[in-house]
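Chain naming follows the written order as A, B, C, D, E and F, and within any one chain the residues start at number 1.
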Amino acid sequence: MNEYVDNEARKAKLVGKTVTMAHGAGGHQTSELIDMIFKAHFDNPDLTADDAAVLTPPIGKMAVSTDGFIVSPAFYPGGNIGKLSICGTVNDLSCMGAKPLYLTCAFVIEEGFPMEKLEEIAEAMEKTAKEAGVRIVSGDTKVAGKGQVDGVFITTTGIGEITDGVEVAGNLAKPGDAIIVTGDIGRHGCTILLAREDFGIDADVTSDCAPLWGNVKAVMDATHELHVIRDATRGGVGTVLYEIAGQSQVGIRLDASKIPVAPEVRGVCGMLGLEPLYLACEGRLVIMAPKEQAQTIVDALKVCPYSQDAAIIGEVTEEQPGKVVMLTEIGTQALLPQPGGELLPRIC
Amino acid sequence: MCVGLSAKVVRISDGTAVVDAGGAKRSVSSELLEDLEPGDYVMVHAGIAIAKITDEDDSETDQLMEELL
Amino acid sequence: MSEGKKTAREIIEGYDGPAVRIMEVCGTHTHEIFRLGIRKLLPKQVELISGPGCPVCVTPVSYIDEAVYLALEKSVTICTFGDLVRVPGSKKSLADARSEGGKIHIVYSPADAEKYAKEHSEEEVVFLSVGFETTTPAGCLSVKKAKEEGITNYSMLIANKTMPQAYEALKGSADIFLYPGHVNAITGTKLCEELVQEGVSGVVAGFTAKELLTALAVALTHFQKGKPFFVNCYPRVVTEEGSKEAQRLVDTLMEACDSEWRGLGIIPGSGLRLRDEWGMYDARKKYQVPKMEGRANPACRCGDVLQGKCKPSDCKVFGKVCTPQHPVGACMVSGEGACSAYYMYGRE
Amino acid sequence: MNEYVDNEARKAKLVGKTVTMAHGAGGHQTSELIDMIFKAHFDNPDLTADDAAVLTPPIGKMAVSTDGFIVSPAFYPGGNIGKLSICGTVNDLSCMGAKPLYLTCAFVIEEGFPMEKLEEIAEAMEKTAKEAGVRIVSGDTKVAGKGQVDGVFITTTGIGEITDGVEVAGNLAKPGDAIIVTGDIGRHGCTILLAREDFGIDADVTSDCAPLWGNVKAVMDATHELHVIRDATRGGVGTVLYEIAGQSQVGIRLDASKIPVAPEVRGVCGMLGLEPLYLACEGRLVIMAPKEQAQTIVDALKVCPYSQDAAIIGEVTEEQPGKVVMLTEIGTQALLPQPGGELLPRIC
Amino acid sequence: MSEGKKTAREIIEGYDGPAVRIMEVCGTHTHEIFRLGIRKLLPKQVELISGPGCPVCVTPVSYIDEAVYLALEKSVTICTFGDLVRVPGSKKSLADARSEGGKIHIVYSPADAEKYAKEHSEEEVVFLSVGFETTTPAGCLSVKKAKEEGITNYSMLIANKTMPQAYEALKGSADIFLYPGHVNAITGTKLCEELVQEGVSGVVAGFTAKELLTALAVALTHFQKGKPFFVNCYPRVVTEEGSKEAQRLVDTLMEACDSEWRGLGIIPGSGLRLRDEWGMYDARKKYQVPKMEGRANPACRCGDVLQGKCKPSDCKVFGKVCTPQHPVGACMVSGEGACSAYYMYGRE
Amino acid sequence: MCVGLSAKVVRISDGTAVVDAGGAKRSVSSELLEDLEPGDYVMVHAGIAIAKITDEDDSETDQLMEELL
């Protein structure tokens, strides 16, 4: 109750305030900003105010991953850059079969950025980190001059503990593996595109952004026979599949009709001449595992949040190593074009 | 040469139609088409409805095939 | 779906008539034919040629140079379809211009460009108006609207083209034209019917798998009968008359002129320009754009490819120097370009 | 020899090229950029191309630190942002008595950034990481649109192994401790100020930026009786001392005449009305240890690179906890003003 | 150093004459007196009052409002000494304006502002000309240069002030004035000598520890003799005549006007403005800056502080609401301001 | 009120002097001072040399003290 009152008081102090160069100068006001927002949300026994956090290392092997987040706009249907920055790194760790333990976050904030927005971002980070079971242990705040950065950038780095007996990697796909996606694809990329560009398109699409350690754990609990787990972020499922095909030197055959795509996403893609397979997801995994395990995995996923729509969308083949082939609606097979370059809406 | 999308007209107001494709809505020019009504299907390209579509799917090809054989 | 249409597919796969060259004039057809792997269904003696129906592919180098000039030298905001962003000019693409600080704004429609100009009265805005009969009306509508609204910071850099002259120019390159359904939606079918008198056969095709297969089946069946023919296989969209409104609109604002097609050279009367009374919306006049010399890469055989004189893989730099990531010619830029399609879908 | 030739060839390919949006799209060109520059410099057995690096965790306690680097300009006398980004995190780990083992780095690069500059940055990172004995294990590359970020930002996160028996922290300063700085102060801040702002001042000042694990190790080898080690970065020595005084609830007394400041730095500060104690250092430590150990520590430092000018500048006291007092040139004691806010040159 | 001057210090510490109020007019004196802890040397009956000699402290709220108006409403580039950036206006400081996108450029000298204007002919540049006799010539030189070079995008927002009128106004506030050496370097000593006739005593003081102590010792020794006096204790810089060139320069370009001093109100004839023939360099005229009402925070007692009527700590908001980080009045902004000095050096 | 810095003149060219303070150099206006020569000491404020300094340090105060006592 008392905490509630304090929290309200804290929030009230943020109203109308903005981040200033002084908040980035390393003195009193830097501490003030950290206390007012970051400590209020991230506090835990491992969080340090010192130069570095002192932590108990993971047992066995340790997974480490870093990602910078520069999403524009920073707020969009289904999330914000704060949530994204936690999910991105939690998911990268999860994809190595690693339980996320610790997270660091470094903020670069534009002078004039509203404190209330920063509060929203930190709130989302707190919530998402909690859900993922990961502790924020160290942070950094830099303030960039007006125009030197657009809004706010966040870089997170995660440390995870690799569960014994599970070895997954992009080069371990085997012919005969089934290919599973954990839900409908392209929602994050579609959401951002609509939020950023002024295409005048109105569609009820929200980002799929979600922390997926729970899903990976469920799959690993169901079977240890797993070859590849990958989150289909930048470049979407299509890019990830080409990467894996290359790393593992296998062919990949997708059944176009099995790939889950929300009708709205399909509609937007139709208008803008885009292919959903190349739109980023931030809450979808691509999993490759022996065909025999496929249904077990899908069943395990279907009972987890964020993966009720898991589906088997294709298989790994020996033919055409390095390539991704689509089984089309007329029963032919055609190469999926290699992704490349910036995603540009087109009219022809 | 032209990405065309068949979409359903959901609203009309002078010269403008709101069309819907799978839930993605956008307002497009309907100046080239007369007598458009909500529920009609149109072919949309670069922000304008270029043609009214008589069949909402490609089933008319069945008839073409019948004629052919 | 495929079962229902076995008959069309059977006709195609079972075709045992004389050798025949079919030119799909439309880039979207090229794209769909590749996506669906339709070439694999064709007997040897049926050859599909990808014609000049991709506005990007036929856009001359000098046009890009003009746009880059406006962006960098005149500090104009360029509004463009995404398609044009990566097309190489003599030295720079629009993407290059953007990375040097040029303002390149991607729009879904000319109407959006005009709206952008209205909302940014402090900027000079130029829309890159390319495309054929299907696209031209949208540009004309935007100019009409600018006039109605008294918008003076909006104009278009025009490279719109008309198809009939191209059909004439390419008459000898194919036995059957697969006419672009959306062009015919505007122009109607009369012209194509007239071409039958000159011995030019063709079918108007739609864009779904079923429509494409049906059109091909119809074309091959008629071809075997030995007489020039025309069939509208897309009657749900294409009428005999086409869109009178669109024709009237374009005629009010624009007049025919000679036009350069990349690789094909100048085709008399195949271009459009704004009539004198609309001259204030002509960016070339407004900004006194100097004549650009436009040097295409001499290795590029786009012109021959567009005329069916050679396959992309016959070009020396195809797939080596020239890739979708680093396109040398326009045919490699557009997803509809024959070179790009050959490359992406892995055809040699 | 052969590698030399390859490296020359690699570098030749970078000439005149810039980073494009396509390099950030996550497909083929992203890999190309990573291979061409980052892998070329950072490659080591622990560096991953996967979502996360898989590493052997440190023994005992683990230190983790993150920092974002947004220095403008990115190149300045004595270093560049690449060198800085390694030093900053290496030094933060070192300040915890932790041997730096692993480093991740996340780049945010502005569209249009010259590849050759990126190469220079990566080269400096390689060299500095090697010197510090730390391995770069995972990275990330994002490309921001022109104007969305100024040049290049780098976030590094480091993992270190805490040597048994050493415990240093900002709250462990004790009355009677000597205060040591490892060299002349304010050089980095002064260098950046002159490089960034156009004050027309010409001074032969270079950044003190340096990786200091070797110095910390030398000190720890000389004595385990250490209380505080802190790198005097943002806000300079003055800010760090106030922080420690607050965290440890002790007073700090400095002897103004003992603080090493280069004459050029003093000259610049004189012109701009600045106090060297508030100028950032990037290669200077503040060390607090029992008075009896002070000379041993200074002696150990004087034989290391980067700390030949180490000096005892004051002592920790019981009086005036939380405050920093200066012994002035006239023998009086006066409070050092509390640092706060942006560093602004002044005329009055 | 201190040993050599024991005599001056002894005189000060041993002073046993009547109670005496000494006003250090100059902000730099205030700053140095605090930095050196000189107040601690003074016997009880010697009181040091910090007068209105900090240009920032006496700058009225309306002046900042004018500058903010120019930056935000007229999109002018403001060139300013760093001192003014954080001074609160009625609603916004220049730092606030900058964080809202206003262009605020910090310069070391007016000459640099003029140079900036010359090199940025596409911008309108306004220099914030504040300061007393010492600083005014630099502004005049910049205007002269702009005229010579035909620069038309440069002008000044003028709030320059002259000291003699202030001495008159403050006559009753102190027994001895510690005259600001650098003002006297321009004006010479005649005026101060004349004030002796009116019973006003004073010494011109330099800025080193030795110079300050000497000046105080001289002042106290003379004061004990009971007669009004004047001594130039800074003869190495200050002559009787001062700088004729500077006087001539200012007189050529400027004329006296009434001027508002923050807290003191309007002092007739204490301000300067450009003569009519230089009107094109007067930003108020050039941009038709509307009259600003300038509401200072009613709690602020800056005016009383400047007149020695109260100590900063007598102000209700001192150190609570009003801190150097969040200054309410100008005296808390400048490092020279009495409130700031009291706060930073911990005097109650 | 005015941060003043005593600096040594190292170069002169019409109306401008390059001054040096501990190795930090900057060109300042010397228009207010006549007969400036390299080696002279000046008081610099806001980019102009406002006064020539007769003594380069504050030793002249010794004399003042002597006179006083």
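We take it that a contact is a pair of C-beta atoms (placed from the backbone, for glycine too) under 8 Å apart; a residue touches a chain by one contact, two chains touch by 3 or more.
The chain lineup, named per UniProt: A, D = Hydrogenase expression/formation protein HypE; B, F = Hydrogenase 2 accessory protein HypG; C, E = Hydrogenase formation protein HypD.
Given the structure is predicted, the values throughout are model-derived calculations rather than measurements.
Trainee: Name, by label, each chain that touches both members of the pair chain E and chain F.
Mentor: D
Trainee: If you walk touching chains, what's the least steps from chain A to chain F?
Mentor: Steps on the shortest route: 2.
Trainee: Report back the single chain whose CA centre is most distant from the CA centre of chain E.
Mentor: Greatest centre separation from chain E goes to chain B.
Trainee: Which chain has its C-alpha centroid farthest away from the centroid of chain F?
Mentor: B
Trainee: Which two chains does the highest number of contacting C-beta pairs join?
Mentor: Per-pair contact counts point to A-D as the maximum.
Trainee: Take the average of all CA coordinates in chain C, do the same for chain E, and state the distance between these two points in whole angstrom.
Mentor: 71
Trainee: Taking each chain's centre as the mean of its CA atoms, how far is chain D from chain E in angstrom?
Mentor: Taking the mean C-alpha position of each chain, the two centres sit 38 Å apart.
Trainee: Please report how many Å separate the Cα centroid of chain A from that of chain E, as a whole number.
Mentor: Their C-alpha centroids are separated by 56 Å.
Trainee: In chain F, which residues are in touch with two or more of the other chains?
Mentor: Correct list: 1-3, 26, 45-47.
Trainee: Got the chain A residues that touch at least 2 other chains?
Mentor: 20-22, 28-29, 145, 147, 199-201, 271, 273, 338, 340-342, 346-348
Trainee: In chain C, what residues contact two or more other chains?
Mentor: Within chain C, the residues that touch at least two other chains are 5, 27-28, 54-55, 81, 95, 108, 112, 131, 135, 325, 336.
Trainee: Name the touching chain pairs, please: which are they?
Mentor: In this structure, the chains touch in these pairs: A-B, A-C, A-D, A-E, B-C, C-D, D-E, D-F, E-F.
Trainee: Given the complex with chain C, which residues does chain A contribute to the contact?
Mentor: Per the stated touch rule, the residues are 197-201, 271-273, 323, 326, 328-335, 337-338, 340-342, 344-348.
Trainee: Using the touch rule from the top, collect the residues of chain F that touch chain E in their complex.
Mentor: 1-4, 26, 28-29, 31-34, 43, 45-48, 50-51, 53-55, 58, 60-62, 64-65, 68-69
Trainee: For the complex, give me every residue of chain A touching chain D.
Mentor: 20-22, 24-30, 49-70, 72, 91-93, 95-96, 98, 102, 104-108, 137-140, 142, 144-145, 147-150, 153, 155, 157-160, 162, 169-170, 230-231, 233-235, 239, 242, 247, 280, 338-343
Trainee: Which stretch or stretches of chain A touch chain E in the complex?
Mentor: 18-22, 28-29, 32, 111-112, 145-147
Trainee: Residues of chain E touching chain A in their complex?
Mentor: So the residues of chain E in touch with chain A come to 95, 98-101, 325.
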